[in-house]
Amino acid sequence: MSASTWSLSITDRERLIKAAFEAKEFAYSRYSKFRVGAALLSTDGQIIKGANIENASYGGTICAERTAFVKAVSEGTRSFSALAVVTDVASPLSPCGMCRQVIREFCAQDMPILLVPSDYDSRIAKGEKDGILETSIAELLPHSFGPEELELPREPSA
Amino acid sequence: MSASTWSLSITDRERLIKAAFEAKEFAYSRYSKFRVGAALLSTDGQIIKGANIENASYGGTICAERTAFVKAVSEGTRSFSALAVVTDVASPLSPCGMCRQVIREFCAQDMPILLVPSDYDSRIAKGEKDGILETSIAELLPHSFGPEELELPREPSA
Amino acid sequence: MSASTWSLSITDRERLIKAAFEAKEFAYSRYSKFRVGAALLSTDGQIIKGANIENASYGGTICAERTAFVKAVSEGTRSFSALAVVTDVASPLSPCGMCRQVIREFCAQDMPILLVPSDYDSRIAKGEKDGILETSIAELLPHSFGPEELELPREPSA
Amino acid sequence: MSASTWSLSITDRERLIKAAFEAKEFAYSRYSKFRVGAALLSTDGQIIKGANIENASYGGTICAERTAFVKAVSEGTRSFSALAVVTDVASPLSPCGMCRQVIREFCAQDMPILLVPSDYDSRIAKGEKDGILETSIAELLPHSFGPEELELPREPSA
């Protein structure tokens, strides 16, 4: 499965990455001190930003990626063409498992997911490789189940 | 503790309730078939809408109230003056515990929370009582802990 | 609503409190450094211990109270007569909202919930008041909804 | 990365699978009607069972796999050598993303994870292939982050 069948234009790719960095500024990371920003591109060209919003109960924390998804879906947007995620760490970090499951609910298996290093801008400025890890939910959540699996025939419960 | 010190104007109250109904239309309630809408009024007069966004894993579900909060906070809005919630059930239903904990993170103890019955509009049309249960997080989550409690002095951990 | 109709014997009360302290020793509180212990008394006299088990994703954290409940229920025990909770903080701290919702799923409204201060033992040794805050889910999660509310008649969804 | 370096004996494999089926019997799957059982083998030879414990709030649901982990860890067991999961569906179903993240917290990348079809027993009785999908967290949660990634050097937060 390859992300290359998706036509994410250079322009869209750049504005999506920029939006993920902007999104990170609004993180409410009071407990972890670990800021994350996400940006989601919808198939109709909108960009929806998310940041991690933590909670004193820890378990009530909602990650940047899920924030972006619920923002979009709650405004009627359910069709997406790319996602970008950035943290304050130089190596590209990947969504947590819970976010992968939410991505799985709404996105095609091969939709591009861009994991952006925090020093992306300086890499670009220096003419270096951009350091982005480009992946997909097929890669990040193999053997996944989604809405359709819950409708498979089941043995009768006891 | 009383919500009466808050000056939620009639106009704000009405547009908040209307927004909660509108929000409900975008619920993604594929598993429960139970739609919920929420609307949050920020102290600078914005209205932020949320709907429940469910997930095949059930545990990955995010309620309408939390959707509204992460939308607001991820756009830089952290100060709120009222919340309204509505479902498809005639009796006013209350936020789940997890949402109460998220409300606790960001709202004053006595901020008005309006639990709106699904037949609000027809009640108003008939000149009946509006059926709204007006409450607060002080009432809904007594003896709560928030950010400050995590900073209390602790015994040394083993 | 009063917890006084419950006959929690002195012996059961003491062994429940002791169990909550023991439970705290197994907390996996790598991120918050905040240990919590819980102990649940089943109606058939078993004591089930829980501790908070945190996760690098924060949102994947499961509190001490919920740990105790899923342990019990997954062994076939669904009927409870008391819960005790203790942390490393001297003042009695209360369950988070998510845990209150899980308590609501399985317990009677007036089942005793004992919030135990970390210095309980030294209080007892000194002959002081035990400092326990005794409460119930009726008090901690008023206007709650549970399984039955999800079965209320609903307006047709759009 | 291969699971074959693990010496899961035939005996352990069989008692683990049996335990996962037994665990499923205690599922509290009131909302999804979808039962899941999990069994965890600790390095000291214990078997810990888990079932899915659902909640009226949906988001408060805890899966079978996470139930097994919090049971073990809250009793002082943090080192594991295999996991088995079974549902009521004939095809082997995989843990949700949230559970994968919890597995990641406590298990080696190549620890065997057995996804067992519901008709395993009749397959064995008929002398057919057992239908088990054997995998690992390396495969199920690639590019994952765990405790160590949260300690990477970060750019200063704004």
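Each chain carries a letter (A, B, C and D) given by its place in the written order, and its residues are counted from 1.
The working rule: a contact is a pair of C-beta atoms (placed from the backbone, for glycine too) under 8 Å apart; a residue touches a chain by one contact, two chains touch by 3 or more.
Predicted, not measured: the structure shown is a model, and the values here were computed from it.
Any chain bridging chain A and chain C, meaning touching each of them, is among B, D; the list is complete. Averaging Cα coordinates per chain places chain B and chain D 35 Å apart.
Work out the mean CA point of chain A and of chain D, and you get 25 Å between them.
Chain contacts: chain C has residues 31-32, 56-57, 59-60, 62, 96-98, 101-102, 104, 145, 149-150 touching two or more partner chains. Because contacts link each chain to all the remaining chains, their graph is best described as complete. Chain C contributes residues 25, 29, 32-35, 87-91, 93-94, 96-102, 104, 115, 118-119, 133, 135, 139-145, 149-150, 152-155, 157-158 to its touches with chain B in the complex. Remark: chain D residues 31-32, 54, 56-63, 96-98 touch chain B in the complex.
On the side of chain A, the complex with chain B involves touching residues 23, 26, 28, 30-31, 49-51, 53, 55-57, 59-60, 62, 64, 66-71, 73-76, 78, 98, 101-102, 104-105, 145-147, 149-150.
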